[in-house]
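When the chains are written out, they are named A, B, C, D and E in that same order, and each has its own residue count from 1.
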Amino acid sequence: MKLGRVRGTVVSTAHHPAYDGHKVLLVDPVDERGQITGEPIVAVDHVQAGVGDWVLVNQEGGGTRLVLTGRADGVLPIRSLVVGIVDEVDVP
Amino acid sequence: MKLGRVRGTVVSTAHHPAYDGHKVLLVDPVDERGQITGEPIVAVDHVQAGVGDWVLVNQEGGGTRLVLTGRADGVLPIRSLVVGIVDEVDVP
Amino acid sequence: MKLGRVRGTVVSTAHHPAYDGHKVLLVDPVDERGQITGEPIVAVDHVQAGVGDWVLVNQEGGGTRLVLTGRADGVLPIRSLVVGIVDEVDVP
Amino acid sequence: MKLGRVRGTVVSTAHHPAYDGHKVLLVDPVDERGQITGEPIVAVDHVQAGVGDWVLVNQEGGGTRLVLTGRADGVLPIRSLVVGIVDEVDVP
Amino acid sequence: MKLGRVRGTVVSTAHHPAYDGHKVLLVDPVDERGQITGEPIVAVDHVQAGVGDWVLVNQEGGGTRLVLTGRADGVLPIRSLVVGIVDEVDVP
């Protein structure tokens, strides 16, 4: 998983039906000081995250499929899911 | 997933039969300003995208297999799928 | 897998229920001298690791799902798991 | 998937039996002008590619396992497969 | 897969039981001249490789699980496996 900060929202009218009703976020991977550490990620929201929120992103298709369809063979081309809103990163 | 912009089309006569009839696109990952953020991706089109379009690319074999064959054990060596055309990236 | 060193702890109140009761760690990938080699990783702890520990991180959703739920179809959006505490890296 | 150009052949006598009879290629990921864009990839050939050929490489274990063994549970530790020979990359 | 050269051995006393009895190697990804091309990889040995050996590393959990447990649902959080010792890389 990666620590990230939501930068914006991706609007897509023509998409695979699995994306219907989902908010699609553009997320910057960051370290605990908020420095960007890599390429932006696009992820579907699952925790009502908004722009500016620090989040936890899981990038794995099997887990996302099970969460969003309840089945290992649900037809869902979505790999990345925002699975948590981060309150704090505790670095001593 | 990644935000991308279609740069071109890949033509391949000798290929695994799973690619028959599919358009294969060369896509640059980009940020919301269109700056390229990483290595080019090759992905099969699923939303009638064309050169210059901004797209959403999902890179996960299980999801692509379920979308294109309807089965978790369909014989399909295709990981990356263009799953949406992006109208806008809303960054406040 | 990657060799890593735990940098801190990620606190998230609003999260997918699969994260309940798990410690979520921020881990730097390192080489055998402790030099950071890439982007920070977020991983769930499975070996009671703490800040400063050198660890072994596995980044694969299927294995994590089987370890934490005992089932290939457990509903668990967790890809990365800390699977070992590293005592020593022996480089001749 | 990635666009690549075959740089050489990897010779390995002691290997997992799944590699028996397969040609193992060292492939540079490239863009449409042939500029190398990332780390070299090792992939098993499935389209009779040779050194210098431009190819399409799929990096996903499930698809490779289904192509080479016909089963989702075939015992095959091979992630990357050369799935096409590229004739042309059409970039307007 | 990646071409690699074994740099050392990772010693871990507290680990998930799937690692019992396995040698865990620290491997540098290299090109055919031995130049390091990316971040170090940790992989479980399956071909009796030792420090200094050039090896072939497969990074895919499903394949490793099938090789080491014989089952698609074996409880094994090990993604990366050393699957071959490389005798030679033939680059014309």
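Methods note: a residue touches a chain if its C-beta (ideal position, glycine included) is under 8 Å from a C-beta of that chain, and two chains touch if they have at least 3 such contacts.
All figures in this text were calculated on a predicted structure; none of them were measured in a lab.
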So how far apart, in whole Å, are chain A and chain E when each is placed at the average of its C-alpha atoms?
30
Just the number, please: Cα centre separation of chain B and chain D in whole Å.
19
What positions in chain A touch 2 or more of the other chains?
60-62, 72
Linking chains that touch, what shape results: line, ring, star, complete or other?
ring
Beginning at chain A, go round the ring through chain C first and name each chain as you reach it.
A, C, E, D, B
Which chain A residues qualify as touching chain B in the complex?
7-16, 18-19, 24, 26, 39-43, 51, 60-62, 65, 72-80
Residue ranges of chain E in contact with chain D within the complex
1-3, 29, 31-32, 37-38, 46-48, 56, 58-64, 66-67, 70-72, 81, 83-92
